[in-house]
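After this come two complexes, each holding chain A, first together with chain B and then together with chain C.
Entry: the complex of A and B
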């Protein structure tokens, strides 16, 4: 029983991180109807940059964020304005997947060339201990990851709901033509949406670097996991993605402690196929998801 | 014109058959066999991707399953290799039918995601099922021709892959002229309209999916017999799937010889990169950049560009002003 509890607790903590990592994907899909396969590759780019900052200057990995977040924001705007916006609109969904897939390969190749293929990790002294609550031990690194993810998601939601930019962004997501009619520069907003999405990847990458060892090809596993989350949640639904992230995180955690790691990862794909058979548009996807 | 369009493929076929006798060393025979294998796989990928517009990045799942199926049948059950090849391809096709029913329920980007999920899943299964597949250490398959040395084996498999390529091209050509092919094209142009006109879209899509999986599985089986050792990480890599997509897009998905042309460019380039740049990962970057460039600037492929230029645009390329001048007295 305590094993199940342990799995549940770890699952919730990991699920929070998944929610942050998947939120960027929901944003891209919302503003441009683009499935950004390169998102996990950018995550690991951020992880490697954090690693470089950490080893070169010996500072806390989170101090890399003031550098990586703006850089990734600009990168995101550039990716949208220079690449995605240039695709022909009639086959955007497919072509954007291939385009971002090409980007992912490019990044993986560069990471492999500069950092070699061996495992890297950042271990901080404070992250190695764990907190024990009622027989369940929670590693501090997971708690930190969850807290950072929750904080970032909170800021993201606040920006989306409260700010003028957030309103423009949501209008662009809901109905681009109507948004343009009322004077929203939808192209620029879409660019900033990409920037915000990639900025979440910068945060996520730093957190990932703290909790798990990584190597250039590790983004493939994450493509599968994150895509599974947004398919189960329903493409384009930020809330759906967050709920699916926690759900799949918990399922993964429980299977991980009761069966093994292979089956834990497998659960993501099992859920994808179950979702497709039961409800192809995802469990929280509405109008948007239906056509995709 | 007609002689040129009929004669050119015949000339190329003759060249392809003569190729192993024309090149100076066995390495080039090996590279040729690899290229023809990719050409056969890209052509079979195009049975789905070209006709229906459903882009699958996960066709390496069928390649790997075909390879492992053949390898396991030969090593565990001692089945003759021809039987193993055919049985495993049929099994993979049946599996593809099951997957296809779920996968083609979603369109566009979701379908791509599902195809990526499929290959990741198969990779996990094969690596995890250690007792059957040997896990991540791989599977050793005995050579079907123990009497031949390495170079002669390359030659045999060059012709085997060439036969497979011919078969895939023939099937593509046949489908493209059939009612079935017209239905698939209708799905690509507008699936909802096609369905409302009575095209059995679901059945057609699953059939195309299976047909395309069948030939990729055969290529995988031949690969297993040829290489003799299977590495799950390579065989089930998304990279192989993306090669099929890249080759088809580069050559032109709407043309019979498009994927073949793409393979003739991409596969030798890949081999060259491997030799020139060695064991670094920079060849991934090269592949990625080429894919980005093709998607941005030539999504219809080389052949589409060439043929359009030769035939001339169907609507003359002129400004509205010029056209207005023609109609005003």
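Entry: the complex of A and C
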């Protein structure tokens, strides 16, 4: 019983991390139906930049964020305006897979060139300790990851709901033509949307760097998991992705402690199948999924 | 979904790559009549990108150091050695087509193996079908030797199952009150990593050490805390990880977080890499691993290889580089013995027969092979003692005493 509780607790914490990592993907898809295969590659690009800041200046990895977040925002706007916006609109989903796959390979190659293929890791003092509450151990690095994820998603959500930019972005997500009719510069908004998505990758990358060692090809294992999360959550729904992330994190954690790791990993794909069979638009939110 | 896309994209990229190669290689193929007098061309596919890119590069460097040394002293049979590398991106389909084109289009004289059992098996099938002798640096899983290959040889001291032999013997011989009673095993779903852990598990289980956790996780696993939670609940005397690098670090961190304090912690591969102590901070102390090669060992050509590696690449070579170099040493000795290095069936047959019966002096020690190409020796056991890597087993090679039980991490 305590083992299941432990699995549950770890699952919730890991789910928070997944939510942070998947939120950007959901935004890209929502804003412009772009399947962004390169998102995990950007996560690890951020992890490497964090590593550089951490080792060069000896500061806490989170102090890299004031540098990486703006850089990634600008990078995101540039990628959208210079590359994604030029894709033929009638075949956008498929072409964006190819384009961003190329981006992912480019990033992996550049990381390999600059940082070599060696493993890098950031190991902080707090990364190996944990808080024990009623027989359940909660690792500090997971708690930090969860808190950062909650904070980032909170800010993201507030921006989407409260700000003028957020309203414009949501209008662009819901109906681009109508948004243009009421005077929203949808192209620019889409660019900013992409920028915000990559900015979440900057935060996610820093958190990942704390938790796991990485090398240039580390991003591949994340694509499947993160894609599964946004499909289950409902493509384009940031809240849906967050809920699905926590759900899948918990399922993974509990299955891991009760059955085994192979089944736990398979759960992601089982949920994708169930979603596509029962509710193709996704279990949470996903009001727009049936439009494509 | 993404996997399918990735797979499709990789296949299309491969197809593009192949057609490109076919074009550019035509002029080279046309010159083939003079080949016999030209360089000895050796075809190699390696995982230079993707999952195995790190060890793949290590092997590549080992091959290059070997070729550099051979060329510096006049080549093989007076012919210069030329290495043709292909990148298979850690993809088992691509590794087959790489060797296929190296043998049929580039018409290489010899082939060397890729990295890891998963790529060695498809690669060896191709080499076997063209009757090419296939010495490989990293394919230690039991399956590799059960495919009926007749020209495959594994150029390292031991197959996966025998890596921990010295440690198993040592633990079994401990007095009853010190001997561990329970053991937990966690292994990556990979034939090599599993082989190492299961080799130890089977030997300890036969000696009465109870297996309390036996977990297998897929390569996609990114979260090791729940596995550690299972191990924590069983509270074993020893913890054994059939690991590569990320998972070894992930498991060590997670075991610390969940306050598991075993008397002995053994992990394959990860702790032998120089990045390991930094990645786990102070926790590396007293972790043991099987190791097939040591930079300080006084073996034929070892110091020369280390020096040449430093000169070519800077830094210390690792075990992968040593294994690559070993492949070169075996082929070099065999070619000198049978006086040929060409892709003809007669020459490849002579090389195969020679390698099967001879004993080779290499940087990983003397090597000989059984009928399936398995090496007949065993791995040394290393341990971090006072922050330094020491060889603790077997007795004749040891530089320090095995510390057991280990300090808390």
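Note that in this section the second predicted complex is superposed on the first by the 284 of 292 C-alpha atoms of A that agree within 3 Å, B and C clash if a C-alpha of one lies under 4 Å from a C-alpha of the other, contacts with A are read in each partner's own complex, and residues count from 1 in each chain.
In this text, contacts are C-beta pairs under 8 Å (C-beta built on N, C-alpha and C of every residue); 3 or more make two chains touch, one makes a residue touch a chain.
Bear in mind the structure is a predicted one, so any value in this text is a computation, not a measurement.
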- Task: Could you check whether chain B and chain C clash or fit when both are placed on chain A?
- Result: clash
- Task: Name the contact category of A:227: first (chain B only), second (chain C only), both, or neither.
- Result: both
- Query: In the superposed arrangement, which partner chain does A:85 touch: chain B (first), chain C (second), both, or neither?
  - Reply: neither
- Could you tell me if A:96 is touching chain B, chain C, both of them or neither one (first, second, both, neither)? first
- Query: Touching A:130 in the superposition: chain B (first), chain C (second), both, neither?
  - Reply: second
- For A:10, select first, second, both or neither according to whether it touches chain B, chain C, the two together, or no partner. second
- Task: Could you tell me if A:262 is touching chain B, chain C, both of them or neither one (first, second, both, neither)?
- Result: both
- Which partner does A:119 reach: the first (chain B), the second (chain C), both, or neither? second
- Task: Applying the touch criterion given at the start, work out whether A:235 contacts chain B, chain C, both or neither, answering first, second, both or neither.
- Result: first
- Go through the superposed model and pick first if A:109 touches only chain B, second if only chain C, both, or neither. both
- Query: chain B clashes with which stretch of chain C: 116-124, 206-214, 350-358 or 368-376?
  - Reply: 116-124
- Task: Go through chain A and flag every residue that touches chain B in one model and chain C in the other.
- Result: 35, 37, 97-98, 101, 108-109, 112, 117, 216, 220-221, 223-224, 227-228, 231, 260, 262, 265, 272
- Item | Touch list for chain A against partner chain C, complex | 2-3, 6-7, 10-11, 14, 35, 37, 97-98, 101, 108-109, 112, 116-121, 123, 125, 127-130, 132, 137, 139-142, 212-218, 220-225, 227-228, 231, 252-253, 256-257, 260-262, 264-265, 272
- Task: Could you pull out which chain C residues touch chain A in their complex?
- Result: 1-3, 5-6, 9, 49-51, 53-54, 56-57, 90, 189, 215-223, 225-227, 229-230, 232-233, 245-246, 249-250, 253-254, 256-259, 273, 275, 278-281, 283, 409
- For the complex, which residues does chain A have touching chain B? 29, 33-35, 37, 83, 86-88, 91, 93-99, 101-113, 117, 216, 220-221, 223-224, 227-228, 230-231, 235, 260, 262-263, 265-266, 268-269, 272-273, 276-277, 280, 291-292
- Item | List of chain B residues in touch with chain A within their complex | 53, 55, 57, 102-103, 105-110, 112-114, 116-118, 120-121, 124-125, 127-128, 238-239, 242, 245, 249, 280-292, 295-296, 299
